[in-house]
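Chain nomenclature is as follows: A, B, C and D, assigned in order of appearance, with residue numbering initiated at 1 for each chain independently.
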Amino acid sequence: MQVNEHKPLIVAFCCNWCSYAGADLAGNNRLNYPADVKIIRVPCSCRVNPMFILRAFQRGADGVIICGCHPGDCHYTSGNYYTRRRMAALFSMLDFLGIEKERTRVEWVSAAEGAKFAATMNDFVEQVTALGENKRLEDLRCKR
Amino acid sequence: MQTITKQQLLDKADSLLANGTVTAVLGWSKGEFGYDVTPKMFTTKEDLEQNFVWNDFCGVNFSKYLVSKTDRFEGKILVFLKPCDTYSFNQLLTEHRFDREKVYAVGIPCEGMVDVSKLKAATGDGISEIKEDGDNLLVTTIYEDEPATVPCRDVLLERCINCKSKKHVAYDELLGDEGEIIDSARFDEVAQIEAMTPDERFAFWQNELSRCIRCNACRDACPACTCEKCVFDNPNSGVENKAPANSFEEKMFHIIRAYHVAGRCTDCGECSRVCPQNIPLHLLNRKFIKDINEFYGEYQAGAEVGSRAPLVDYTTDDLEPGEVFDRRDMDA
Amino acid sequence: MNNQYLREELIRQSGVNPKKCMKCGKCSATCPAYDEMEYHPHQFVSMVESGDIEPLLQSESLYKCLSCFACIERCPRGVEPAKLVEAVRLSAIRKQGENRMTANDVPALLDEDTPQQLLVSAFRKYSK
Amino acid sequence: MQRVGVFVCWCGSNIAGTVDVQAVSEALKSEPGVVFSANYQYMCSQAGQDMIKEAVKEHNLTGIVVCSCSPRMHEATFRKTAAAAGINPYMVEIANIREQCSWVHKDIATGTEKAIILGKAAIAKVNLNTPLTPGESPVTKRALVIGGGIAGIQTALDIADAGFPVDIVETKPTIGGKMAQLDKTFPTLDCAACILTPKMVDVAQNEKIRIFSYSEVSEIKGFVGNFDVTIKKNARYVKEDICTGCGACVEKCPMKKVPNEFNLGMDNRSAIYIPFAQAVPKVATIDPNACNMLKNGKCGLCARVCTAGAIDYTQKDEYINEKYGAIVVATGFNPISMDKFDEFAYNQSKDVITSLEFERLTNAAGPTAGHLERPSDGKSPKTIVFVQCVGSRCDACAEKGKEYCSKICCMYTAKHAMLTRDKYPDTEVYVFYIDVRTPGKNFDEFYRRAVEEYGVKYVKGMVGKVTPEGDKLKVQASDLIANKQLHIDADLVVLAAAIEPDKSARPLATMLTASMDTNDFFTEAHPKLRPVESPTAGVFLSGACQGPKDIPETVSQAGAAASKVIGLLAKDKLTGNPCVAHSNELMCNGCSSCEKVCAYGAITYENKEFRMPDRTTKIRRVAVVNPAVCQGCGACTVACPSGAMDLNGFASNQIMAEVDAICK
């Protein structure tokens, strides 16, 4: 039997100073991760409005990951601390609505952690792929 | 059922109007039926005597009205605040949404308000008259000759069954005795949903939220939703109000709304009270409140003026978003 | 003997976190029963943390601790050694027949100069 | 809609190897707004840049998308290209198809597909870009240094040396700070006064430096380059410009029983006083709480003996307004109160003292003229016990002390012990320690000398209690190495009290909107890379206000802070980052959420009048972002419930457009 594997769509928000640089480093070191990951650059993880995440899901994203500097290392001193609270609250709410918690993630990736960036993306893509298509967040009526 | 009488409130309003302390009174007025009590600004004694009401249907939280009304009236406005209303009152002051100097707040005790939907469910539609009789309501409908007797306690609003506080946290003057904060069971239902499987949770909310007709009543009644321009009315926000394009749209609306008031919501329950579709919207707000209490320590919005909402605050050793689930899975 | 189970049990019972200890020795410096004890308060903290608990269970030191709580009061890190001593003592006397003091011992200890309250509290402390 | 030009770079084979660049530029041609799309071998080369410039001219482009390497690499390059071609540099967006595409994906089909999506996202974004111009603000070429200890002195001297005027504000009647109270300094044992007082004189004589002593900062407004500061000059009842510091008044003053704070209350001074002989400014000050003339109008002796006529009992507090371009905080530290440490009997016996008191006891200018005498009876102590870490490294929940290591105590205690043994070899000296921390140049050698050459008895353990008994202090302590409890009859006990930031720091931080940690130490902009700057632009940190530090460290930090100030003041104008937040006042609720999350204090509020649809007017509180202070993180944009706050360059609708383009 042929399994038609669903290719997930992953939106990754990366802060300019640490995680975006970490993604660049992963590239410099030619560390592969799936092309399903599309990165959006933001100045700081605290720029990520929950609306962006919901919008991504609404438009068909299968997973959203937010990457920022490690706590304590924020370029703007405290931005990622706010991210941490906001996303803890938001993800908990999504989970409360029965949306798979595996579709969301926050990961702290420094500019030196190219390997961690690639590993994180590989892991996240695998996790989201295992869940299959994002039926809960997109339009139910148009799909079976 | 209320311990304080309409006459006491009228006397207070009359004397404050007469001695010039206030120039207007924000109160409840008669609607077409007994149960559709409407907010109104009274400026004369005559108007008050004719139209002012105080009964078991005065659920409206007036705090929000102060944002727009304080600008429109010269002098002070008298506002009657039930205990739960005072939390919203403080929260709006924290957010600098109205001028405290322009308000004369009179705290009044509340024994719980009636849920009209529950009442209708008990008596059937077509209510023509409601009379109070001690702890009961005598309800006459157009279909029955004899009025039905309904105990108030059976038809209380959910927020009153799980009343969180009989204590007024803000007032200029208090009628009746100072109440106490109540150790209510208001998070039990949230905990029950949390205990469901993800599929059950999804089904539960799919069922509830698919009834949403996007009438915006929840937003319009919410004392935390006082934005000059709501994101749902703003064509540039990307989430402006429109016919839902897909089934996620209602969920998105309610997640965004709940998120926008997270940390600021006092759990006054107006959203659920006004929802024409009887969606338990307060559960979304309470989920945030419960999470915030568990993650960052107990916090009651509006308990005092000037407190810093948890989502605009942090500590360096806060919980990681991933740990939220680890914790829960461990508890399970 | 490294008794990991007992270690965790003692930590749980006492609510003490021995990892907070910075090994300054102020507990032992402040202890009025120091010279009576084979193992001193700071050693209790360190030995429980390393799981080396058997010698403590066997030691008379358990009953020399006055429970005066001076070590709790003085510890700069809030480690509360006396609570740990208490937990070790409890786990010693909770064993069958290991009561340090029984009702039969009391008559011999009666003495006009000994306040009765002392006996009562000793009884409480030394038996399960 | 913009007229967008798309430029796909091959980067040799770096991109072209795994991405079909031709296909990418073809696919992007049909995107909304795109009027030109091309690819080239090296877009960043001169030829590549010329190609962009020509296309701008030829196709009248208003926006540029370059699909190339990371924007961290060449965004600046292409912005310059755009500017050279005559369009706003912020109308450029980069699609990162090298680091985040061609280098990490091996398959040409997937690489190409992703590159097209990334290109689409960049096009969607650039369509919503707006031309941005960096704001400019002038710089007041004057610095304010708050605190006149060694940190403030060194910072002021260095700034003045570069030619900029500096004002020092010091709450005490003289500058000099803690260092002026010290006897010798470790590890070289130079006398503190010998190295400090010449610097104090330099400050006094420097034409660029003004000293506001006996003064405090009462209000700070403005922002980097443009601070508006009010300094409150407390009345000292002596005309500073006339007083010669001769000291005749001090001598004649009948009120001589005022505890002398300079000697930590171990002796007395008069109501009119000069803190110490080398004070700068050397001007007398009348203590209004002690002076009979000021309290009940009787006396006036000092006015009569002052030949210069400097005494002025009617002097009032004076407020001075001054503008500054930069502010340096150098508020320093104090030893913590020993009141809560009953076990050491500090409040029960005069012979239990803190290390700072010990400094005064051994200082030649101190209350005992440098002879080590017990405060209680003046006898020379034969047994001295030093206790380290008193209140340092205390768990926070203990509420008595501080969680951190005070850093300087190990070294000064070694110094005290060594000097005592040197001067009084028949004295027995014990030092009780938890750890001896000596990470500094020649520090460990110094400590070892105290042990090996001077015979100081270092005991690993802590003192449990001190009990005064007769004229002795019974010290009960543990010796962890010997596994013994020690009982020592001491004559003097010296406590190495933890140090804490000066109490004035917290209100000052509020005025500056500078952040602090839970211990009230000022937070640095970056703990490693920007250690002398506060996150609040234009505010710099010098000395122990940022964390415990010794003199050499303080002086180096003071110099570093000065160089940062000089770098700022050397500019005529500050050019800001245009990618800053801005608030739409029509939508702003004035709720203060944004202000609370702003780490830089860039947001203030003003009451603004609005015309309502019914022609009435309404005054509303609205947020205003100061673009010179905003760093553009965007924290406020998410905190804002109404969406009034947005960020230039990373606007909500731009990010949404990117999300949509990716998720299409």
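The rule is simple: a residue touches a chain if its C-beta (ideal position, glycine included) is under 8 Å from a C-beta of that chain, and two chains touch if they have at least 3 such contacts.
No experiment lies behind these values; they were computed from the predicted model shown.
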If you take the chains that touch chain B and keep only those that also touch chain D, what is left?
A
Compared with chain C, which chain's mean CA position is the farthest off?
B
Give, as an integer number of Å, the spacing between the C-alpha centres of chain C and chain B.
56
At what distance in angstrom does the C-alpha mean of chain D lie from that of chain A?
36
Measure off the straight-line distance from the CA centroid of chain A to the CA centroid of chain C, and report it in whole Å.
52
Residues of chain D that contact two or more other chains, please.
597, 639, 652, 656
Tell me, which residues of chain C touch at least two other chains?
none
Per-residue overlap in chain A, given as positions that touch at least 2 other chains:
50-51, 55, 72, 78, 82, 86
All touching chain pairs, where touch follows the definition stated at the start:
A-B, A-D, B-D, C-D
Over in the complex, which chain B residues touch chain A? Could you list them?
190, 193-194, 196, 198-206, 231, 237-239, 245-249, 251-252, 255-256, 258-259, 262, 284, 287-288, 291-292, 295-296, 310-316, 318-325
Within the complex, chain C is touched by chain D residues 343, 389, 393-395, 397-398, 400-401, 434, 460-465, 476-478, 480, 483, 485
Which positions of chain A touch chain B when the two form their complex?
50-51, 54-55, 57-58, 71-72, 78, 81-82, 84-101, 104-106, 136-142
Listed in rising order, the residues of chain B that touch chain D in the complex are 71, 94-97, 226-231, 234, 236-238, 260-261, 264, 308-309, 311-313
For the chain A and chain D complex, residues of the former touching the latter:
9, 11, 16, 20-21, 23-28, 30-33, 35, 38-44, 46-52, 55-56, 59-61, 72, 75-79, 82, 86, 118
